[in-house]
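In the two assemblies presented below, chain A is common to both, partnered first by chain B and then by chain C.
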Partner chain A sequence: MALLEIQDLKAAYGHVPILHKIDMHVEQGEFVGVLGHNGMGKTTLMRAIMGFVTTTGGNIKFQDKEIRRLPTYRRARMGMSLVPQGREIFPNLTVLENLTVGVLGKKGSLDRIDEMLEFFPRLSPLLDRRGGALSGGEQQILAIARCLCNHPSFILLDEPTEGVQPSIIHEISDVLKELQAKQNLTIVLVEQNLDFILGLASRVYTISRGVLDTEIPLENIKDSAMVAEYLGFGT
Partner chain B sequence: MDFSLVVAIELLREVAGLILIATGLAVIFGMMRVINIAHGEFMMLGGYTVVLTTKLGVNIWVAILILAPLAVGLFGIIVERLIIRHLYGRIIDSLLATWGLSLFLIGFVTVVFGNTVEGVSTPFSGLAIGQYTVAIYTLFLIFAAMAFIASVYLTLRYTKAGLIARATMQNPDMVECLGVNSKIVYMATFGIGAAFAGLAGGLLAPISGVVPGMGALLIGKAFITVVTGGAAVVAGTLSAAGILGTISQAVTFASGPVFGDATLLFVALILLRLLPQGITGRIFTRSV
Partner chain C sequence: MLSKVSKDWLGAGFVTVLGLAILIFVPILFDLFEVLQMTKYVVLSLFVLSLAYIWGFGGILSFGQAGFFGLGGYVFAVAAINMGQTTVPFLIAIGACALFAAALGYFMFYGRLNDVYLGVVTLVVTLILWKLINHTAGPEYIIGKARLGGFNGIPSIPIMTLPWRPGQEMEPAQMFQYFMAILIAVYVLLHALIKSKFGRVAISIRENEVRTGLLGYDVRFYKLCIFSIGGAIGGAAGAMWASYQTFVDPNIFSLEWSAKCLIWVMAGGVGTLFGPIVGVLALEYLSFQLGQTELINNLIVLGTILIFLVLLLPKGLFPTARDLVVKVWRRRGGSTGKGSP
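For the complex of A and B:
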């Protein structure tokens, strides 16, 4: 039984259809990548799975329950979480307060913050600083740490490397690998950074013009030139 | 010396009055971006709650401090669920809807109670300061306003609920993404803002009397205080009430209440010309 199973999903912003046909499945503990150009529907897919975008047809099953009509907070309480494109940290809250909101969302223990600070020691000296005063990379780490404070079992990561310096990209990559191994997390990663996605994902889907139904074979994923040619952009 | 003390108390009374009438509106506007034009009528309902319950024999302090905020807070929750919830993000629509609600409430209360001033006796006598006398209730109002704004600050700054409320104010989608039902947060926020209005109406009832149209007299000053203060609920209300209240009351002493009110508007105009985002849009930007 797949942890997440999406069949023939359609979504729209108002009357403008964005997602036409999404078919994908994600098993427990998998790290799945989604590749696609700008404007092909990657972010809309993430937001539709999380419940922010109006879906107009199809099914989303999570833990074998139909969740397409559930509000976002109910999906979050089932273990789903999103690290959105642009981070969307709370800019006027301190780093510690951002992490605390992550814990309080599901009434968890504040000890979880200390656990996350061990994974992301870069945040420890910044706890009293406002989220809006952090660099892009620090904000990205904070967004991931805040999401993990929420104790999710399934994480949607939307372009976490966008606008982030290479050293932090490596740090994020290492922590995600470690967390997935230790906590059996299931992660769906949307990216344009092929190296990043190749270093983490065990399977990769491609999305084009709101249609996602193609999985790139693993051996082809290793050949970044082939993937780049397939998608029409270079690494 | 005695005169100076009396003047200082009167200045503080005006500041306290602005804090009391503006805080509920500031909570609702600052946290939900809803301009509740019916805020003045919520205060009026708080006043009538005190009038009715004291006539029924309820202790005046129970009526002012418990029943008025409770009744109006519950009414606010009903209004949020029936009207406001459907208008989030539509600032003009919510403004028009609450304006309609205010007209309905004025009409309804006028039909039920008549357009006459209802009074409640002031719970305290006077305090002699030299040759002058100051109502002890005035001192109580000043204390109540300070306690009122301090409780809002402490709640927002140091409690889990306050942290969730501040996070929801900044990014409701992300809060939902972390498992919080933002609709419940908004409903509670509106209810608390309404309860503050009820408490303010109850506190003011013994000195101003209660009449169906009293909200219209209060909403203008409350609205100006909130807009001049800017987005931060506590720092904005405190700073705007401090500046506007002190200056308008000082002019009232010198030239009478009409000039005092005109000066309040004039100072607000100047402040908003210099600080279009309000005082806390430029100063105290990190404040709650």
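For the complex of A and C:
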């Protein structure tokens, strides 16, 4: 039984259809990549899975339960989490307050924050600093740490390397590997950075013009001509 | 952790001590007229807290806070005239306003209204109430012993009594102290709420609703609670206003009151509790002083001052003054945490 199973999902912004046909499945503990050019529907797919884009058809099953009509907060409470593109941290709250909001209502919240600070020691000296005053890379780390504070079992990462310096990309990559290994997390990663995806994902889907139904073998990802063909830009 | 708690309560503790000193010394040091004038400021300070909380700490910009102010006044008036006492009517007014806010908020938040649309709905509801009450002048509009009176209003509203002395109306000094005690209590409770888990989620909603929802919080429910708390505080202020004036008329629902409330919050500082109280005191005192001169229309002077205030001090009076103090303190080599909301 797949942890996440999506069949024939369609989504639209108002009357403009964005996702035409999404078919994918993700097993427990898997690290799956989604590759696609700008404007192909990657971010919309993440938002549709989390429930804040209107879906117009199809099914989304999580833990074998149909969730397409559930509100976002109910999906989050089932263990799903999204680190959105552009981080979307709370810029006027301090780093500590950002993390605290991530664990509110959970038992052992302070322990969880300490745990996150061990994973991301870069955040420790910044606890009293406002989120908006952090660098892009630090904000990305904060966004991931806050998402993890909530003890999710399934994480969607939307272009976490966008505008982030290489040293922090390595740090994020190492932590994600460690977390997945230690906590058996299931992760879906949307990226344009091929090396980042190759270093983490065990399977990669391609999305093109709102259609996702094809897996690309990992060995073909380094071949740009093959990737272009998978993405629908082949000659 | 203790030092964090201490920092959180340092500013609020100072404001509370200041409030208690005012409560004790004002009736001793000032004459009757000044005590009455200050009682008015206390009631308006409570009124402004209702908007300061929902706007500054929940991101809900209501253009119709006068709706709760007026409803609280009318519910208190009708209940007090019928019941012959004031303590239970005061609680009824608070409860009615909280329920009205919850009902209105349900349609707004669960109907996914946001930003300017929410502001327009709150404004329109207030104007509907104003129109509705204006049309209740006929003798058929009577609830028990209380005639609504339409545009003539309701006269002879009972003056508040102390809960433990229901038969004895308060003297002006007692009323000032009673209202001041309520203001301090509401300020402390709101401060505690802001620093609680609920308050942190509310601030997160103000910052980014979608992100807060993604963390597993039911944003609509939180906003409903915040709005209802604001409604209850506005209703309490309305009931106190009706008792203080011993009269209430439909103008309590007017656009002027809603606009004034917004201006006080903006001038004092959005995102603080003490700032809007400073806004009330500064602007109402200024308005009072200008009203005593006959050289120039005081509304023109007040309007000009407000324009300059918004342009030169966009953060508001209190946050600007606080930042200035922190800057001077740091230059002198001190260190400081965050101030009080």
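Note that the second predicted complex is superposed on the first by the 215 of 235 C-alpha atoms of A that agree within 3 Å, B and C clash if a C-alpha of one lies under 4 Å from a C-alpha of the other, contacts with A are read in each partner's own complex, and residues count from 1 in each chain.
Assume a residue touches a chain if its C-beta (ideal position, glycine included) is under 8 Å from a C-beta of that chain, and two chains touch if they have at least 3 such contacts.
Treat the numbers as computed from the prediction; the structure is a model and nothing was measured.
*Asks:* Overlay done on chain A, so just call it for chain B and chain C: clash or fit.
*Replies:* clash
*Asks:* Applying the touch criterion given at the start, work out whether A:His37 contacts chain B, chain C, both or neither, answering first, second, both or neither.
*Replies:* The answer is neither, since A:His37 touches no partner chain.
*Asks:* In the superposed arrangement, does A:His25 touch chain B (first), chain C (second), both or neither?
*Replies:* Once the two structures are laid over each other on A, A:His25 reaches no partner at all.
*Asks:* Kindly classify A:Arg129 by the partners it touches after superposition: chain B alone (first), chain C alone (second), both, or neither?
*Replies:* A:Arg129 sits against neither chain B nor chain C.
*Asks:* Quick check on the superposed pair: does A:Arg209 touch chain B, chain C, both, or neither? Answer first, second, both or neither.
*Replies:* A:Arg209 sits against neither chain B nor chain C.
*Asks:* For A:Lys10, using the defined touch cut-off, is the partner it touches chain B, chain C, both, or neither? Pick first, second, both or neither.
*Replies:* neither
*Asks:* Touch test for A:Ala76: chain B only (first), chain C only (second), both, or neither?
*Replies:* The answer is both, since A:Ala76 touches chain B and chain C.
*Asks:* Just which bits of chain A does chain B share with chain C as contact spots?
*Replies:* In the superposed arrangement, which is not itself an observed complex, chain A uses residues 50, 52, 71-73, 76-77, 81-82, 84, 88-93, 97, 100-102, 104-105, 146, 150 for both chain B and chain C.
*Asks:* Which stretch or stretches of chain C touch chain A in the complex?
*Replies:* Residue list for chain C touching chain A: 197, 200-201, 203-204, 207-208, 210-219.
*Asks:* Which residues of chain A touch chain B in the complex?
*Replies:* Its residues touching chain B are 50-52, 71-73, 76-77, 81-82, 84, 88-93, 97, 100-102, 104-106, 130, 146-147, 150.
*Asks:* Over in the complex, which chain B residues touch chain A? Could you list them?
*Replies:* Touch residues, chain B against chain A: 160, 163-164, 166-167, 170-171, 173-182, 286.
*Asks:* Note which residues of chain A are touching chain C in the complex, please.
*Replies:* So the residues of chain A touching chain C come out as 50, 52, 71-73, 76-77, 81-82, 84, 88-93, 97, 100-102, 104-105, 146, 150.
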